[in-house]
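Order of writing sets the labels: A, B, C, D, E and F. Residues in every chain begin at 1.
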């Protein structure tokens, strides 16, 4: 039974022998008696659900870690308007599962992959012979070890696009905005802008680890952030091409500056129109995603809460 | 002879009996002897040029005002790298001219008008019967006195889109971004977003006067700004339609909030996804315009200055 | 028994069959066992008190809503230094009560009404024939449906003047400051300043609903805020008077700009001295109210807590 | 002939043998030939006027300093819309003048002094026997060397109340606001608030020097500012009274905190309601003064420029 | 048994008849049943530990206050990774203890005192006869009642150097930085800089009370802050010396400005290089202390949490 | 004749056949007649001086560029209190000069080089065998092409340490602060902190060009800034050593974060104590340099102007 079905169940219905991925587990002390309980987050590819184990929670911390697949018995409860599972027992399931089936995924992942393929084909045509050097850089990416990660990586730990395929989904949207703006605009260097858009967040592959299905900051993520890491990756793609050092620098500059202002973490502020464009396309997609996402389970004419707006968003 | 040709002339070449619009005139005192001189800005539909009258400038202030068409004799000079005209004599020309030929205009104005017509046709189809109420609001706009002004109004006094047709050009670009984003996104109410985009800056028609070809703040512009004025105008378009009061309020809210944050002048911050979208589409177009414009006369591999970035922008 | 008397009772004293207005009710889950309890706020015209129902709280959420008059049995407890009621049972009381007796009210409400009447009489004299147009606008207000609401509306949901009569009390204080400043100051247009002061917060009547005794944001409050709504109301008062459009605009500008700076929500920043004056009189009254209110139950030489100052205020 | 009459004269009219105070003199180099000229500001009790000496300016810097009374011959010119004097010759006049006749002064200075006397009398009555300790502090001020300076000192170098009597005028207005608010408000300690208001800017007597008629920062003004200096002065007034140390501290705290927020220079932020009140009364008077002053020579329906608003203020 | 040993004990081990200082006690209500419990903080000179009393806590609030020495029976528990004591019974111990043995103290307190003595000796030599006036000021400090407090006072309530001897430790470090910088730098007045460094935080002796071993803000601390209080103290040290008023003012200015910017609480911003130097030496020591302290119980290659950085600090 | 001697000359004294480096040249238009003049800055190793050529300036722009050595005839003038040269004629001097004699240099450059050598020797000893890997990185630097540049590079274009040897001088001071702090502080990893200090600004060698004696931003300087460029350089020094990847990352992180906060340009904010320390040592040296430099030609008891403090600094 998928989590999206469990959410439809009634309070006190029984959950028996279901397998999920454990994406979060925390030990909490009772605040009015000795002892502790465990709060958890479980996932499969249909979504996430909170769970809680009131009794005998101590021992499970020795046997389970985040990223494990776990088999659970319990029953449904409701807390602050959301369904949760009161866990009776939980143990690691060593069965032979495909982990991808336990990770929340963006909608229409397959279609996004096809959409990205199409974009690549289009760029091949449009870059043509004149800008074949740029396409070679893109080819190096497609043939690199980073490409497969790119297709599945999340785009955030929280805030926006925090699911399997989130990086692909966000990058594709940003690239499409930039495409539609650049095509008609002679003041924009089309090839520079498109590669900047495609690579702007590529450093997130090194900023987060995701192998176990749980998104976590890496040590290089903490020390350098995804902009420095992305510049390093893209330098690699430029090797063995005929792209000039100066052209390469423009691509790297878009990555360095895509947060727009120093106080938002830009390494330098955008110094070329292509960098201004990628910055705003990135911002627009990230901001719209947040508020649309806050309303995804909300009826027309009602409100949904968004952390980012520190208030309620209304569904028109 | 058009200004774009005059700019190509050499220093000391003679300008004789040319007619321009006077868009700016200031009296300046010499700072090392008594007396004063006049600095001017002249325009026609090909561009603008600075001019200066060193002698006998006192009397011209009585006979000429901004917006007049003037006949000029003088010669070419260069100042800080830009050509200017040293004026020998200047007088108002009462000839029977079409003022529109003297006002700098966005490129491809006719095509922009056609582009807007096409957008309206597309919306008529796509809104269909279901959202005919929204199209009626749009029709009321097209049939109103504001429509003709909308086609020619500038979108700014300075900073961005400050030419004849600037409001149309900016609005069309914003509307196209919003269209391409909304079409694919079920989380956006398409009709609300499109009308919000089309009307977001409509209040500029009351915020600036432009009748004489010179853009100036009006008194209501100073006292209220274009957001309040735009809300008032769009209320008028909603009269005599079947749009509900609540639907009307959503359109007005997009206008009220399109600057995004209070410190940037938003009356309220966006509370619906459609308002977040219009805000970011507006911001992206305005910012990209500024830097692209700063490079419009700059060669590849060189820098152009942008006030907004308080520094130089590089042409990739 | 009034709430101000209940607060004087000892822990464990019994409350039997008392009627209050329910102004707030929230469902809270226990954080160490399944199930939930209810926290409430109760009011009458002498004040407010917290209440809590530990058992069988589930069912009451179906039968009671905010704004209901409820009959309560329970006993007194103390929590974080404040008295509260532990509720044994609670039910809606359909008796024939005057709701006004259950809403906390500013002190000396009757006197404030008289004070406002006196102010109006004074202005009638002082405006005289010369500025009769301005007095006509004031008359239209007094004869409108808004006048009765004005006398009882709160001036805030929280923060300042959040009681029945709060809007009147705050407006009267602001108007008196402006009166005393304007009378002696030739640089201020007296009639413009006084009407600006009286109308500056009038839009709160549409920004909050208060009919049920519970203050809540309305949808137009969320979408537009009280400045836009107040401008709309005052436009109505100007109809059918001889006030010129320009004079009307000055009144509306004071409303639009009374928060002083964009980052505090001003639609435009004050552009006339009268608007600067109303802004500062408003600010002074609101800020002083907050700290004086924080000390209202505090002895001389002791501290009271104020959220606004994020710290303690000392009573001199 | 007073400066207010000179301003009415026409360009090229002759000024002969007039005496003014020299309040500012700067040596400026020509920017297109060797040599220098002198720009000056002259004053008498009717106002100020700019002056310029084009020729032989070198020698005057040796013989004249700011604060001197100078005898001038020259003629009228107009520069950027303001009248100025083109000086032919200037020399120090050692005549036996009363310097007070050469310093710009607030309007109705004598009446302000009387107003302050009346306020003191009122406070004597209202403080009565109960708060005689507070009145003794005020008496110590009236009998101190600071009192005479207080009556004539300016309240600022620029920005607000920058004339002879400016400190008195500003203090009296602030004290009146505080009086009218405190009288009706039981939450305010009346005596503490009134003395706080009267003394809040007293430190300016040590922050600026003014003996020569030219306002300048003193070294202790630069190193400590008027809040620290004012606290020191008021400590002196508290000596030999029965005011308790704690009561004295409340007065000093009002001075320390009257700028309201750290970023505006408050030593500590207001911790008592009396300090919040004095802060806002101070702010209101200073801000209103600025915009009213910007319009003092402006016709109704026109604009005046205010530095503070970085834009034009409209006269209603 | 010292607290540093208790922390090494296992959960459920018994604590019997141990004496600590009670530095914090708070009454907390259960949030899911009537009644309350007590949370405490206990200290001795080896450190601090949290404690909790679940039952019969009401009565202890009458008999115990912060600063008391208490005798405790209970057992060890662990909460959020830190050891705490579950208290069975607690009572005041009137025994004849030296309070200093119960207050957490900086490491190597005796050595810090010796270090300060050495610094004084060094300054005596280096100031020599030329700057004997400055050394006299320092002598007045050493002979004053403030000197003993200076040796033991904490430098903060929380955030940095919040232990017995913290003020000495912080002052000595700042003085050493300033010493090493000033010695080599002809642009710095050595004596002014050194006395400024030694006295910059001296006002904390009046800002906090510490007599009972519990650090608390005093009323003058709340009303004026340690900069004003320190200026007052140092004025006293300058009495009966030959230091000129101007030299004294430089010392006082360093105290007034040592927070560097108004928004960080500087009374005036630094106007002499010596004040800039003391500000940055102070900032550097305070900031480094915070992050080093956050890692003091952390292994190499692991993270420790720092409030100040709102995140984790990594131990290299 | 050196510039420091020329500055002592009187107005109108003749300068004949002197050679300087031209470090700045700008074409300025007269603002009250047609034509233009040239303003210049000239340097030798004793300082800088402004120069101006009033006549026949047009032609020199074709023959001279910044960085050229020029032979000058003219005479002395004074402008705004500073001496300048009125140039009669100027031409490029192709003589065989050592350019280093024409570039302003920090005081005691030779001693700074020796100081750095000593520091390296000390570190060799103190790192010893245990941390030989770190010393190998330092050796790679000393043997690299960057070392010679490091000894002469400026540390800024303007603001601080903007002379030949400025980078060395600033780096040495920062390293000494870090050394003295780290030696005594067990919470700091000494080797990491020292190498971080030495390398923190090394990227300036790529951020500015200085070959011609004129400091200018490079294109990579504009696009990436010195932090990214420094990380790249230091990666090179780590090659062919036994430093672990993680240890290398700590060095790179110090460079990435040494501006302390995002709004000051830090790529990431400091996450290790060593980075906090280097940041504050850097800040302290840069800020003190600015104010000390502003007073370098000022007498005790007088003021010098500092751009950074937007006001006057007093010399104690």
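Just so it is clear, a residue touches a chain if its C-beta (ideal position, glycine included) is under 8 Å from a C-beta of that chain, and two chains touch if they have at least 3 such contacts.
Given the structure is predicted, the values throughout are model-derived calculations rather than measurements.
Trainee: Could you tell me which chain lies farthest from subunit A when each chain's centre is the average position of its Cα atoms?
Mentor: D
Trainee: Roughly how far apart in rotation are subunit D and subunit E when fitted on CA atoms, stated in degrees to the nearest 5?
Mentor: 180
Trainee: Just the number, please: Cα centre separation of subunit B and subunit E in whole Å.
Mentor: That pair's centroid distance is 61 Å.
Trainee: Using mean CA coordinates as chain centres, what's the gap between subunit C and subunit D in Å?
Mentor: 40
Trainee: Rounded to the nearest whole Å, what is the centre-to-centre distance of subunit A and subunit C, using the mean of the C-alpha atoms as each centre?
Mentor: One centre to the other, that is 45 Å.
Trainee: Mind pulling the subunit A residues that touch 2 or more other chains?
Mentor: 31-33, 219, 222-223, 250, 271, 312, 314
Trainee: In the complex formed with subunit A, which residues of subunit B make contact?
Mentor: 176-177, 180-181, 185, 187-189, 192, 250, 269-274, 276-277, 280-281, 283-284, 287-288, 291-293, 295-296, 309, 311-316
Trainee: Taking the touch rule as given, give the residues of subunit B at its contact with subunit C in the complex, in rising order.
Mentor: Residue list for subunit B touching subunit C: 219-220, 222-225, 227-228, 231, 246, 249-250, 252-253, 256, 262-265, 267-268, 271.
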